[in-house]
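One chain, subunit A, links the two complexes that follow: it is found with subunit B in the first and with subunit C in the second.
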Partner chain A sequence: MESELKLRRSLLYVPGNMPSMLQNVSIFDADAVQLDLEDAVPLAEKDAARILVRKFLDGYTKRRQEVFVRINGLDTSYAEDDLREILPARPDGIRLPKADTPEVVEHLDTLLTEFEESHNVPLGHFKIIPSIETAYAVLHVFDVARASDRIVALAFGAEDYTASMEIQRTKGGEELFTARNHVLWAAKASGVQAIDSIFADVDDVEGLRRETELVKKLGFIGKSLVNPRQIEIVHDIFRPQQDEIDYALEVMEAISRARELGTGVISLRGRMVDAPVVKRAARMLKTAVSMGLVAEDAVDLSDEMIHGVL
Partner chain B sequence: MVKNSLGRDIPETWCGRALEPYEDPFSRLPDLDRAPRRLKRHNPGDKKLLGSLREAIEAVGLKDGMTIATHHHLRNGDALLNQVVSEIDAMGIRDIGIASSSIHPVHAALIPFIKKGTITRFECGVNGLIAELVSKGQLKCPITVRSHGGRARSLVDGEVRVDVAFIAAPCCDPLGNMNGTEGPSACGSLGYAFTDAEYAHAVVAVTDNLVPYPAMPTSIPQHLVDFVVQVETLGDPSKIVSTTTRITRDPAGLQIARYAADVIDAAGLIKDGFSFQTGAGGTSLAVADNIKQKMAEKGVKGSFGCGGITGYFVEMLEQGFFRSLLDVQCFDLAAVASIGRNTAHQEISANLYANPFNRGAVVNQLDCVILGATEVDVDFNVNVNTESTGYLLHNTGGHCDTAAGAKLSVIVAPALRGRLPIVRERVTTVTTPGDTIDVIVTERGIAVNPRRPGLAEQLRAARLPVVDIHALHAEVCGITGTPRDVEFEDEIVALIEYRDGTIIDTVRRVAR
Partner chain C sequence: MDITRKASAGTVQSSDLMVFVEPASTLEVDIESTVKQQFEGLIRERVMANLARLGVSHGRLRISDRGALDYAIDARIETALRRAAVKMETSEVVP
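Moving on, here comes the complex of A and B:
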C-alpha cells in the first residue's frame, strides 16, 4: 500500500500508436497518463506501438506526471512482448486490462518481480492498476484488490463492463451503480484508490461534469480520460471546494485546542468534533496542500495532531 | 551595410531611399511638421459624383510615378484595387506605387500589371502569392512592410505621399459622406481609411451603395473627399469577414490559452478598468474566453477591448465585461452589426490606434495584448512576416504597435508546429523587437523576458511553469532536431520597417 497521498484525479489515455499525441504528453496537467497498447491500437500496429512507446519513454526523462502503460491482456499473445519492450524504459506502472481474477494480477506481479530482480530495479517499483471491467471481475474485485502489494488503485471500466452485461451504457449511469459500489467497497476495504471509467463523449462537457460529480459523491478519487480537454473539468470537481477547506481548517483548529486541553473531542459550532471528523478533515487538507490550495505551514497535519499523542 | 541594434544588416539606401537602422522602441522622433495637403475650394453647386473610375482617375490627374492607396477592410473580398489598377493600366499610366493598408491573396490578379511595369512598388505589407514570388525573385517589385501604426505614421510624417486614395465606401452619398456599416459590402469600421482621407492628396470615394445626402451615420465626412464614383460592386461580401473566429479545440492550444490567462491574472491586471486586445485566431479567442471567466469570477468590469473586433468581444461588451470597444477593424459580421448600433462600440482610425508620432495612441492605454508568432527567438524577438521557407507571406498588422504600447505583451505560440521548432536561436526575420515582448507562452512552459524579473517571480508564486527561454529552445530542438537555416541571396526584396520608420530587418531573396 502507498504511504503517501498521491493525486490521481485524472488518468489520461494516450494511444500508443500516435506519435503526435505522445509528443504532447508532457504538456498536459493530467496527474497520470496511460499509454495505451491495448484497445486503441489495431492488431497490425501492436509491434510499432510498443516500440514507439518505448522510445517515447526513453526520451521523456523529466516526467511531469506518473506514467502507466496499458498492456494487452495477459490472456493474449502480446502481453509478454509488451512488458519486455517497455519495462526497461521504467514506466511507473502497468494498467492491467481484464483483471478478472486474483490469479491474473499475481501472474503480472510475478513477471514484474522477475524483471526487477534481473534488472536491478528496486523491488516493488512497478505499480499495478487493475481494470475491473467485466461482471466476473466485479464479483471478484475484493480478492483482486488484495492480490498484490503493487496495486495502488482499482479502475472501473464501464465500457467493457456494460458489454459483458449485454446492456447499453447510459449517461445517467443507473446501470453502473452497483458495480461502481462494489469496486469502491473493495478499494476502501483494501486501502487503495478507486478510479472511475472514461466518459467517451468529449463534446458533452455538462455530461462529464454530472458524471464526475456523481462518482466523487460515491467515493472515487479520479477518472480515466480520453481527451486532454477533459482534464480541467475533472480537476475542478475533484478540487476541495473553498467551504470544505474552511470547515476543515476550523476542525483542525478546534482539535488543536482540544489537544491542549488533553481531550480528543470538542464541540465546533454545536457539532461534535471527534476522531473520524478530524481524520476526514486532515485527509482533505493534505489534498488541498498538495494542490497548493492551502499553504503547507498554514496547518499542523502531523500524526500527533490527527491521532492525538501516540 | 550597417548593423542595427538587433544585429541585422541594413543597407544605407534602398531603392533610392536613405534608411535609418532600428535603434530602440521609444526614442526616435524626427524634427518635422505633419505632412501638408493642398487647399481646395468647393463652391455651391459643385458636383463630385463622376460616372466611372476612369473619369475619377482623369479628374485627380494621376500620372506616371505616383502612388495610390486603398484600405483592406474588405479583406479577401476586395474588388476595388484590382479594378482601379486595371483601369490605370488601360489608360497607359505606368510606374505606380501601391500604399494600401494591406494586400490580400485576392490581389494576386495584380501580378500581370507588376510584370508590365504598371505597378512597380509596394509601400505596404503583402499577404500571399505576390510576396512569395517576390521572395523567390520571380517578380521584381520592392516591398516595404509597415505595421498599422507605422503606415499611419508614414502618411502623417510624410515618409509616404499618397497621391490618390481610392476609398471603398459601403455606404456613401454624392458629396462623399460615408460609413462602413450599411450596404451589401458592409465591413464595419473604416479605421484604416481615415488617415488616407486626411493625408492623401486626392480622395476618391467608391461605392456600390449610393444613398441620398446626407449619409448617416458619417464616418468619413464630405470635406475630405474630392470625388465620388458609383460602381456595380466593391467585392464579394462572403469573403469580407474572416471565418476563423472560433475558439480552438486543439488541446495544446487550449493549454496555451489557459496559461496565458493565468499569466495575465498572476500579473495582477484583471481588475476594474482592465483593457485588453487579442486577435481572431482560435487560441487568442480561447485566451479571451478564459479571461472572461476570470473577470466574471472577480466581478471585474473592464474599460475597453481593442483592435480587430470579433463577435466574441461584442458579446463581452453586451454582457457588461467591457465599457467600450475601440474598433479599427471588424473581423466578423457580429462586429459589423454591433458597430452600427452600439455607441459604446467606437470606430477609431489607425492613427489614433497605433501611430507613435501623435498626442497619444490607444495602444499605449492597453493593459495587455495577446499576440501570435511564426517564430520567436531566445532574445524574445518575434517574426510574423516570413515563413519557415524564408518566403515573405504575412503583413505585420498591429503586432509591433501593440507590443510596444501594452503594459504586458504576451506571445501565444506552440513550441513546435508539426516537425518545426517555433522557438529558435535567431528568428528568420524580426517583426517585433524582444525589447517590447514580456512573456512567451507555449504549451511547454512560459518564458519571461529577463528584463521583467518581478513578473517571473509573480508567475512562479502562482505556480505557473516558468521556463528559461534557452532551456525551452533546447527542449524543443531535442524533439525536432535543429533545422538547417534557410539560405538567402544578398539581394534585398523587402524592408521590414518598424513603427517609427527605422528599419528593423530586411527580407532577402531565397536561394534556389
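Moving on, here comes the complex of A and C:
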C-alpha cells in the first residue's frame, strides 16, 4: 500500500562526481533523486564519486525528497565498495542497474540485510528499484519483480535496452512498446510501481511531453529524468487532471448511493459504474489526496466503500 | 601516518577543488582559491581538521579551490589521501 501511494513521478539522476549538481539537490522539486555512481562516472573516478556522495549525504540531513543511489552493477568490482561507502549515509534505497535475473536482486537484498543487521538499521529500511534494461531482463521481469520485498518500483531503461536489441531508440517509441508492457504487467501483477525511462533530449520539451503522455496512458506512474528542467513538465502530466478528479468524485458518490440501495452497480451519466470503475476512481483519488488536490475528508475511500461491505 | 606517493583528486569545475598531495618531511598546506580573500582561513581550518581526523602529520598538500562547500573539501581530501595510500585511522565525520 505504501508503494501504491508514494509519489514517484520524477526520479532525477544527479551525477555522483559533480559537487555543483549535488549541492542543488535540496532545491530540486523531484519526488526522488538518484545519485549516480554508474554511467555518469568514469572508471578512474569511481572511488572519488562514492566518497563525494557519502559526504554529501552525511550533511544532507533534512531531506526533501527520497534519495536513491544508483550503484554500479553487481557484476562489477565496484558495487560492493559503493554499498560499503554509501549505506552508512542512509539513502532511502538503491537503484540497481542490470537487474537481469532474480538472483541479482536477491544478492543485493542479502547485502542490504547484512548491513542493516550489523549497523542496527531497521530491517527493510533500504528499498530497491531494479532497472529493467536488457532483452534478457524483459523476459525475466516478473521473477525479478518478486525477488525481494524491498522492491517498490520497476524502472525501465530504454537506452540500454535498445543497445541490447542492437536498434536505435526513436522519439516515437514504437520499438519500446512491447518491452514497456512487459515491465508494466510485471509491476502491476506484483503490486509495485512502474517508472519509465529517461528522455535524453533536454531541449525537446514537446517530445518529452508526448512521451510522458504516452507512458502515462500505458500505466507508468513516473519517469527517470536527466535534467531538473524536465521535472515540471512530467509533474504536470502525471498530476490527476481536474476533470478526472471531478468524474472520480461523482463515481464515489454514485457508488455510495448504490451501497445504500444494497447494490454494487449503478448508472452515472448513462454509463455503468461497477467494481473496476470504482477501484480506478478510488486509486486516482488516493493519489489526488496525497498530492493535496483533494481534501482527505472530502471523500470516503475506505475499503468498505470501495469494495462494499464484506 | 605518512603519505607514501603522489596523488590527486577533484576536478576544475566550479564548486569543486583539486587536491594534490605528495610525501614530505614536514606538513605543508598551500591554498589557492577563487574566494581566497574571504575564505582562506576557513578552508585551511577545514583542511587541517581533515588531516587531524585522518592522522596525517607529514606531507605537502596543494589545494586549488573553485568555491567548494565543506562536504566537497572533505571528500576530495579523503580521496586524495586514500589514493596516496594513507592508511585510515578512522572514518568518522569531521565534527
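Throughout what follows, the second predicted complex is superposed on the first by the 305 of 310 C-alpha atoms of A that agree within 3 Å, B and C clash if a C-alpha of one lies under 4 Å from a C-alpha of the other, contacts with A are read in each partner's own complex, and residues count from 1 in each chain.
One rule holds for everything that comes next: a contact is a pair of C-beta atoms (placed from the backbone, for glycine too) under 8 Å apart; a residue touches a chain by one contact, two chains touch by 3 or more.
Model, not experiment: these values are computed from the prediction.
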First, second, both or neither for A:F115, with subunit B first and subunit C second: neither
Subunit B versus subunit C as contact partner of A:S26, first or second or both or neither: first
Contacts of A:W185 with subunit B and subunit C, given as first, second, both or neither: neither
Which superposed partner A:F142 touches (first subunit B, second subunit C, both, neither): neither
Subunit B versus subunit C as contact partner of A:P228, first or second or both or neither: first
First (subunit B), second (subunit C), both or neither touched by A:Y247: neither
Set intersection of subunit A contacts, subunit C complex versus subunit B complex: 23, 59
Touching residues on subunit C, where the partner in the complex is subunit A: 9-11, 13-16, 68-72, 74-76, 78-79, 82-83, 93
Of subunit A, residues touching subunit C in the complex: 17-20, 23, 47-48, 51-52, 54-56, 58-59
Subunit B partner contacts - residues on subunit A that touch it in the complex: 23-24, 26-29, 59, 227-229, 232, 292
Complex contacts: residues of subunit B adjacent to subunit A: 249, 251-252, 254-255, 258, 443-444, 463, 478-479
